[in-house]
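Next up: the structures, one after another.
Shared between the two complexes below is chain A, which pairs with chain B and chain C, respectively.
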Partner chain A sequence: MATASTDGALASLRTRFEGPNTVGNSRGFWVAFLVAVAGLVVYPAFGDAGQLSLFLVLALLGLSLSVVWGYAGVLSFGQVVFFGVGGYTFGVVSINHATPSGITAAVVLGVVGGGLVAALMGYFMFYGGVRDVYVTIITLVSTMVMHTFMAQTAGSEWAIGDAALGGFNGMPAIPLLALGVDEVFTLQLVRNTVELSAPLVGAVEFDLFYYFVVGVLVSTYLGLRALVNSDYGRVMVAVREDEDRTRMFGYDVKRVKLVVFTLGGALAGLSGVLYASRNIFIDPQVFGLTFATLPVIWVSVGGRTSLLGAVVATVAVEYLRVTIQGEWALVVLGVLLLVFILALPGGLVPWFEGLRERFRGNRADVPGEAPDAPTEVTDS
Partner chain B sequence: MSADDAVSDPAVRQNAAQLATGDRTDTLLQTDDLVKQFGGFTAADSVDFAVEEGELRCLIGPNGAGKSTLLKLVTGALEPTDGRIYYDGTDITDLAPHERVARGISMKFQVPSVYSDLSVRENVRLPVQRFATGDERARRIEAAIDAAGLAGYEDVPASALSHGQQQQLEIGMAAALDPDLLLLDEPVAGLSVEERDGIAERITRLSEEAGIAFVVIEHDTDFVGRIADEVTVLHQGEVFREGPIEAIESDPAVQRIYLGGEGDGAA
Partner chain C sequence: MVNGLNLAFQFLDSFAFIVLAAAGLAIIFGIMGVINLAHGEFILVGAYATTLAVTGLSVPLPVAMLVGAVVTAAFGLVVERTVISGAVPNRLWARLEPPLSATLPDQAAALLPGTPLVEPLYDRLADSMVATFGLSLVMVQGARIVFGNSIDQVATPLGELSYGAFSYSAYRVVLAGVSVAVLALVYYVFAYTDYGMRARAVIQDDRTARAMGVDTERTYAATFAFGSGLAGFTGALFAPLVSMQPTLGGQFLVEAFVAVVVGGASVVVGTVLSAGVLGAVEASVTNYFDSQTFGRIALLLAAILALRFLPGGITGYIERLRTRRREDR
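Moving on to the complex of A and B:
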């Protein structure tokens, strides 16, 4: 009976994360998911955790676009604006208050900053009646405005307290991530490997920042899965599919878009915070056209209607970009984007899911074989 | 303006005045001098249009007569250039579309745009989830599927339904909101005779059992005759004639405007 009730509890937990708006609504998916997370946990023993931590930080940026574009239908080139605002805010606050309390506050303010700028832009766009491609154009222009503005903040007059914005050269000496309250509880999340002595194992190498990023990414992914499969997530998708019709079901479409855009901004801000603290540096390149295009490429390749696709494609494309290096990397990315838009507009993950379903469907059609039993277990 | 206006105007004024002051009348919807201009083109020209509670009214008229425009003005998808809209005793002219839906106005668009990836049940869930949870939600979803005549199709993806079934689903989804006024823009366009019968049956049943008032845009006079209590003819953005279908059908002026003639109201 104990196992039955555990199964029931697991099943009811699963229903929160499953629904028509995500791929992977089966027991097999969750087993694979746990294996993948376990793989991330042991990865530092085999590979470069420092590099992977960067890709995972950027995956949060990819997720922010997946939610805004893939689920609410708002194609934003401006996620890097909120990313950069988050990173710069974190830098300014943490340089001025370089204690765990101050740095923790800087994390919060960076996230809030990204969300706030998104809320402001979103309010004027959505309540001003801006729709479709014009949102894309406005957000693209906003990256250029930020790039131009931050690049000219070189002089000594462009300093906030001890933090000099540094113009085109960027803002160096941003503190590493630390969380906690001064003199009560503090946790240094350093990127460089540190030695910990554990009983039995002896000395282990432990990159706390990497594990923090893994934890944040996994919880964000699960949180967003729960969101897009909730009542609200269904309304988001309805807005994406047909705004006028969703309005006729009594939903305030402008507010839905504003809320999702703000959430996306906060998520991009969080990504920027972790980016700045990982690199202990940020410069206006984060507002540049190349970087602004990357999230669109990640999400297009992975499949914009798939949260999983955003994460997988961000890591894969960034790995490719780092491996190829130089101008050729950009050429390859450009070709990749074209290929996907022309040949596989839905992206990799939904395509793969479609193949899998067709395969299972064919099998079920074979006479004599039982059709798919419902895998769904409802909590009653 | 035509002689019609002089006759109908005092009644309209009285309805509007009663609605504005919150007096009980049987008039559910009343537009007062409603004007909509697109640039130099007047799509609705001083329209006084009324719908009684529980009434089944069809809206006919040649292409470009302003039928869809009038419905969009009522739902709030379009803002009027001038004039007011009264609904159930209050002035709703300045309300956002979703606020009008909350007061009981619902609309089915001309082209069915069901969420094709979702099953019939998932589709119906969307309008229902806003105001019902738990068992009540499940009950309302099943009732809406029933009202749409799609029992047995609950788990079928909407993309696998025929065009007629998609129209039925659309009507079921609009009705799932439990509206007092349901606006249907060409619900049987492109459907077979059998499918038309099915839709007509849905509409009359919803009207009789749920007491929903309907405004249906439709060209097909046979269909109109089957379902409608009253018919309003729009022509060049104005209310041209109102009355029972028999009178409208035999009206030479109405026949003339459908044949593309001038059709001035004094005929």
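Moving on to the complex of A and C:
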């Protein structure tokens, strides 16, 4: 009887996260999801948690683009602008107020800063009637503006309070991330390992930042899943599929795009804050052309209409980028991208889902192949 | 102090740079709808081919520049066949697939991809971007592996023009003239040749063009090769001016995209106008603040404003004005 009621509660919980807009609407998926999260929890015992925490931080950036591009149909190169603004804001505020309260405020301001810049840019573009590829180019140009501008801030006149922007050399010595209120409760997250004694294994060290990032990523993923499967998510997808028709149905397309773009900006800002606090450093490379292109690549490889794909592909591509050593690394990565985009244009996760459906013999609706994704982005 | 001659030279310099950077891309992006992030690397191929022809084979520079353009066009043709249109992998797969699926057990054979293995990347903006970014990674790193971190540069020809206390490279002035000639060539090719007419037909409506007997596949391939050749020629022209590193293409990419998009649908006229406007903005801000950085930022901001207020690009705006005037009459 107890199991029946928990089953019922679980099922009603599941419906919030399930729908046609995400893969994995089955019991098997959620079991696998729990196994994967458990795997992330025990990973530090086997591998380099410091490195994985960087990939997971970048996965947040991938998620931000997946929502903006994959669900609302706005291909943005600007995610790194919001990422960098978040990171720099965090750096400036936390250097000037290097106490846990100040740093907590810096985190919030970094996220707000990313969202605010996205809102301004989004208002400028969407309410000005800029669409499709022009949005893409404007966001690309905006990263170049930021890159060119930040790279020349080496002089001492470019400082905000105690924080020198540092030009090409970047902004070093960002205070260690800590959350809380001064003299009430504070918790330092970066460079802080907590030792707990566990039965059987003895003393176990926990890298707090890693677990913080895992928590943020999992809750962001679940939150976005709930969003895209909600009524609002359906409107987002409608905007992606056909802007004009959605407007005819009475939806305010511009506002939907602005809201989603702002949300994506805030998420990218959060990713930037965590990036800056993990590296204790940030430099204008985050606005560079290569870094601006990376989120688009992660999301394309993973499948733009799949939140899970964005996370998986970010971790996989970044892992490859870091681990293939030597001069052939970039060649291998380039060839992989070519092969992926040519052979699996829908992306990895939708393709995998399609295979699974085909194995089950239900060929009727194969999600990865149903809508012709590329034309959605371009046609108006 | 604003020096008029300095300003004029700076403007010519910016104008030539933008026009030449954009020329090949205007065709590939503006006409075929392929966002070619490897555009800078096509310029790299042209620059390296020219430089190596001069230093290795001691060919005279003007001939070497033509060699650079031809080599890049050939390279572009190969890229188009293998990556952009996917014709080569498709043909290989069509030959490979039947025996493979015959030997494999049924269930595994069902998992094999179907016969057109690869869809062409035309008008698939995002996908073409990822694919060409992969290509550019391979090319930059490949150039580094084969040629090292830099190669010897060709000396800048034609000497200096001096006026008052200043002097200016005569070659850079010639470049401005060449950039106009390149645009004239592109205009002539698309407006007056048979190929140009076929290309425009394919761009407007490739199904109808095919129904009328135009070999669309060949036209696409030729167009891509032509665009690549122009990019290679740009590389050849700038070979004596920029330092010969594998990453040299990167500096051309953004200006090229900006110029093409700001120009709008009409490739040649649009590129001239946008290079004129953006070049003027860059030159005057660079001159006024005496800072290249601010000049570049001003150029980029001008581009953003242009995109926001002239959504169809400059030529789209002119088109609108003309229709309005016609209606008024």
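Keep this in mind: the second predicted complex is superposed on the first by the 336 of 380 C-alpha atoms of A that agree within 3 Å, B and C clash if a C-alpha of one lies under 4 Å from a C-alpha of the other, contacts with A are read in each partner's own complex, and residues count from 1 in each chain.
One rule holds for everything that comes next: a residue touches a chain if its C-beta (ideal position, glycine included) is under 8 Å from a C-beta of that chain, and two chains touch if they have at least 3 such contacts.
All values reported here derive from a predicted model rather than from experimental measurement.
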Original post:
Touch check for A:A343: first (chain B), second (chain C), both, or neither?
Top reply: second
**OP:** With both structures superposed, pick whichever of chain B and chain C touches the larger number of chain A residues.
**Re:** C
Original post:
When the two structures are overlaid on chain A, which partner does A:D242 contact: first (chain B), second (chain C), both, or neither?
Top reply: first
Original post:
Between chain B (first) and chain C (second), which does A:L187 come into contact with in this model arrangement: first, second, both, or neither?
Top reply: neither
**OP:** Could you say whether A:V253 touches chain B, chain C, both of them, or neither, answering first, second, both or neither?
**Re:** first
**OP:** Please work out whether A:L13 is in contact with chain B alone, chain C alone, both, or neither, and reply first, second, both or neither.
**Re:** neither
Original post:
Now for A:L34: first (chain B), second (chain C), both, or neither, which partner does it touch?
Top reply: neither
Original post:
Hey, which residues of chain C end up touching chain A in the complex?
Top reply: 33, 37, 83, 86, 89, 110-111, 113, 117-119, 123-127, 129-131, 133-142, 144-145, 250, 253-254, 257-258, 261, 291, 293, 296-297, 300-301, 303-304, 307-309, 311
**OP:** Note which residues of chain A are touching chain C in the complex, please.
**Re:** 69, 75, 124-125, 128-131, 133-134, 136-138, 140-142, 144-145, 148-149, 151-152, 289, 293, 296-297, 300-301, 304, 327-331, 333-338, 340-343, 345, 355, 358, 374-375, 377-378
**OP:** Would you mind writing out the residues of chain B in touch with chain A in their complex?
**Re:** 75, 77, 96-98, 101-102, 106-107, 109, 113, 115, 117-119, 122, 125-127, 129-131, 173-174, 177
Subject >> chain A residues within the chain B interface of the complex >> reply: 20, 231, 234-235, 237-238, 241-242, 244-253
